[in-house]
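Note that subunit A is present in both complexes that follow, paired respectively with subunit B and with subunit C.
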Partner chain A sequence: MIKQAVLSVIVSAASLVAMGSDDLVAIPGGSYVPFYPQKGTTTKTPVPPTLVESFLLDRDPVTNRRYLEFVFQHTEWRRSSIKRIFADSGYLQHWNNDLSILPEDLDKPVVNISWFAAEAFCEAKQERLPMTDEWEYVLEDLGRGKASRMQQVLQWYSIPNRELPQAGNSPPNGFGIRDMVGAIWEWTEDFNSFMASPDSRDSGQRNMFCGGGSLNASDPTDYASFMRYSFRSSLQGDFTGRNLGFRCAKDLK
Partner chain B sequence: MKKLIAGCFAILFMYGVPQAWGHEHTSGMSMTEPQTGSIYNLKDTWTTSEGKNFQLTELAGRPVVMSMIYTSCKEVCPRIVEDMKKIERTLPPELVGRVQFAVFSFDTQRDTIDKLKEYAKAHHIDTPTWLIARSDAGAIRRLSIALGMKYKKLRDGDFEHDTLISVVDQYGVISYRVNNFTHETDETISAIKKMMKQ
Partner chain C sequence: MKTFKALLTLGLLLTANTGYCDIGSQDKNVREKIIGQETAVLTDAPAVPPPITRKHATKVIVNLEVKEVEGRLADGVQYTFWTFGGKVPGKFIRIREGDQVEFHLNNHPDNKMPHNIDLHAVIGPGGGAAASLTAPGHSSHFSFKALNPGLYVYHCATAPVAMHVANGMYGLILVEPKEGLPKVDHEYYVMQGDFYTQGKNGEQGLQPFSMVKAIDEKPEYVVFNGAAGSLVADNALQAKKGETIRLFVGDGGPNLTSSFHVIGEIFDNVYPEGNTNTVTHNVQTTFIPAGGAAIVEFKTHVPGTYILVDHSLTRAFNKGALAQLKVSGDEEKLIYSGKITDDVYLPEGTGMRNAEQTKVAQPSAATKQERIKLGEVVYNTNCAACHQLTGLGVPQAFPPLAKSDFLNADKVRAIKTVTGGLQGNLTVNGETFNGVMPAWSLSDEEIANVLTYVYSNWGNSQQEVTPDEVRRHRVTPGKNGSE
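What follows is the complex of A and B.
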């Protein structure tokens, strides 16, 4: 009861400036050309497009405010009770304690979140994390504004540890989705699915970004994608980072 | 204190109740809270090739050598299983029957209980020290990520995946991992010996 009161004070303190929305946006299905081809295709043939079915995606990344509401109800995901297998020691380190955070951070994307924590949040809402193909498809935005987006991505990647903007800060892309670029890196459901070399399952070798690996890229000049795929493949499920957050998705039924 | 109690349970299980997991036993270990770094914090339900439902924490009390495969996999998965069998064959006499071997399927669609049973028989792993299990897509993703195993479902229904073999100790903490076929089982065996001494 007392905790409830404390929480409502914390939340109401900055409710006037709430920006990040929890709306899910319907993303019409389509196809995109993945950065890396699936197994079996070679560099001699063009990378075939990957089909993505219609689905729902959060308009904005999940904010500290929404995550605070989640840990208030789901005590096992609070900073002091999290199991080490599910998150490293950086988990929610920017919060003051289990249920308190600076008011100016409430509507910023939540970061210092592990895959297990992000997944539990989405699951509690009967949602899920977006698949990598879905996430990349939305970023690619059916090719709309490609040149400027690649510039924007590279420019953002080049500034380390910038102060986070409020969620929903950037103009929506063609799908109506905001902050795909420029705020945070985001978890995907199958971040651990990245296999660069088509032969990796036979040889057990990992030539991620040298030689053979890079030759398979659909666009070797797309440095931003190299960075994104490289970053994803370096992650483990318990990792947290001060620029690593998430948004949820849902099947369209 | 908690550690001490968990330790007592472990000792009880290691020395007091040495029968294989596949047999009936009281599940005292699963009543205690797993260590914070234990994969036994994953609460998903799995089903064995015998149709028995279980949670991973029921494996606690002995080292488990585990990996993930799918039964229609022609080349890599049989090698993973062979590698695990080799580990079992080279166990020193005092450890025989006291190490659990477990393989978990990626393939929610094709790997039915009957398929698993067939596979276990064909590969001679239908013994009490082995188990082969299936679950839903979420459980599979969570276990693969907890183990650090990469995989991707391909368009034709097959899977591209690591060859990772993990050894978890009696508490479910990952203690040893090997991700290629060139390693000698000696190292795995000494890792198991070490955790049995703790």
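What follows is the complex of A and C.
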């Protein structure tokens, strides 16, 4: 109870209205054509559509505020106590210490988060990270606004890391989901299962480099997607990054 | 059938007799003993690390940092470059045949993208690409043995590779042959690349990458060393008369091949495609493939400014593929006299430049705004090739029209220049030019429009020029007395 009070002091001192919401939004199932097929599923070209079942997804990326509440209760995920195998030394490095962060950053997406930490956050809420197929399906948005989205993504890629925007800053897409592009990279549950591991290219046609990388892609002119998949393939579970965050998902029962 | 069999037998015999042509050194290089350890000296273009003098192979540690930085692509045009070491092209790496290289690729935490490196000097799948895929804020290391001497390109190979390379992720690595390269007075590093911006050539401000133009292979800029004008004026390459020069020239692409030429020089030696075993002599223009390199050498004999170009010339004159080598020293009249005489030669009916007609029926402008609009078309068709779409001209070749003291001082003189042409020495904004402006066979209306367009742009005096003024001050071609 006392802890709760301290937390509310920290939060209210910021005297900011929380922008990023913790709502889960129901995503109706459907099918989409993945940019890359999952390992071992198909070698067909063109890549066949993948079925995505209905599920729930966070409207916005998880914010520093929400993550602060989490580490408050789960002390083992605080910066000073996290096990090195679960996150590299960049973990939450933008925070002042275990439980303090600049007020203006409270409602920005949380970054410098490892896959293990993101997973633990979602699990604590009986949720999980979205699968790559689910994430990409929501981004693809049933084909709505494809051209402008691709340009938006490339534009974001072309600017080195700057100040992050507040979570929930962008207009919602057709599913009512915000910030799928233009703010941060996001972890997915199976981030490393779509291609050869980063250390080995000898698994044949499904590697992500040079010309070979385009042979298996459903749309080799979609540079934005290449970027996303190659970013994911450069990661390991303990990695953190200055604009790598996450959002949670949940099965719809 | 019998003949066929006979041929077949002959073929087999030939194959058996010739076998694989081994250049000899690879196997020895695999076995060569590694003695000691050193950290590679890396340099930014146009500098090249010093020649390697040691007589044995060693372990060389290379630390290369990837940085995504905003920088100048052309005057007033900014671009976000992805770089090996902070500049385009990336750091020059110089090692010796037989060396064992421990390569560290560091991806700066402020970067947004994962990156890796494919060195064409590496024998192994991907040239190091898979082993070096590195997330922002991480560092990868791998090792290779330099088996083949030569000059090689390295580049990022993370998907989509074309975008990484188009953003400037390339450089050169020299694997110096055991016996070294012949001694020269200067070594320089020059690398060509093509850039694809959303805005047209000259459009100001921070320009994002255009995926569409990249896929269509239609660059807005083709430049040496990462920016238009990176090697001109104060930054020109320097030499003295009688000195020998070696250029390590690469082409990063991603798409265009280079017809590399130095105006006013002949390459005494070219190591085509960067191979150090075969030298060819007396070459005018050498071909450098995208993802390839060449070494060219020449001795300077005559002082002056020599222009390095991609001899696919609109790239040089319109897209930035120009650099300068300034050679100082006393004149050498026997080798090159310079101009001896210049007499007027104007046969009847010549000396006029028939301008490309933009329209059959010329519309006439009712307002100054219309005049500017129509003038822009005339300008882009007839003037921009030399004076550039930006009005900035080309240093030492074509005078600027932007903020031009020559134009702003005297409207009538401008009319006379366009109608009558101009040649000889001319000083504009403090710089002296010595060239020829042809007389233009354009209508009064067109000249009024184009001059009004020029005066209304680029910081000029905003004057309007009317067709009537052009008619009154028009001069006969070649009769434009200098003022």
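Operating definition for what follows: the second predicted complex is superposed on the first by the 225 of 253 C-alpha atoms of A that agree within 3 Å, B and C clash if a C-alpha of one lies under 4 Å from a C-alpha of the other, contacts with A are read in each partner's own complex, and residues count from 1 in each chain.
Throughout what follows, a contact is a pair of C-beta atoms (placed from the backbone, for glycine too) under 8 Å apart; a residue touches a chain by one contact, two chains touch by 3 or more.
Just so it is clear, the structure is predicted and the values come from calculations on it, not from any experiment.
By the touch criterion stated above, A:L99 is placed in contact with neither subunit B nor subunit C. Once the two complexes are laid over each other on the shared chain, residue contacts for A:L142 go to neither subunit B nor subunit C.
When both complexes are overlaid on chain A, the residue A:Y229 reaches subunit C alone and has no touch with subunit B. Set against each other, subunit B and subunit C touch different numbers of residues in subunit A, with C touching more. Using the contact criterion defined above for the overlaid structures, shared-chain residue A:E119 touches subunit B, although it does not reach subunit C.
Look at A:Y157: by the touch rule set out above, it reaches subunit C but stays clear of subunit B. When the two complexes are overlaid on their common chain A, residue A:G90 makes contact with subunit C while staying clear of subunit B.
Residue contacts after overlaying the shared chain place A:T240 against subunit C, while subunit B stays out of touching range.
Looking at subunit A, you'll find residues 200-202, 233 touch subunit B in one structure and subunit C in the other. Contact residues of subunit A toward subunit C in the complex are 90, 150, 154-161, 196, 198-202, 207-211, 213-214, 221, 223, 226-227, 229-231, 233-235, 239-243. Those residues of subunit B whose C-beta lies close enough to touch subunit A in the complex are 34, 36-39, 41-42, 75-76, 138, 141-142, 144-146, 148-155, 160-163, 179-181. For subunit A in complex with subunit B, the residues that touch the partner chain are 38-40, 83-86, 115-116, 119, 123, 189-190, 192-195, 200-202, 204, 233, 236-237. Within the complex formed with subunit A, the residues of subunit C that make contact are 68-70, 80, 109-114, 116, 118, 125-126, 129-131, 133-138, 157-163, 167, 208-209, 211, 215.
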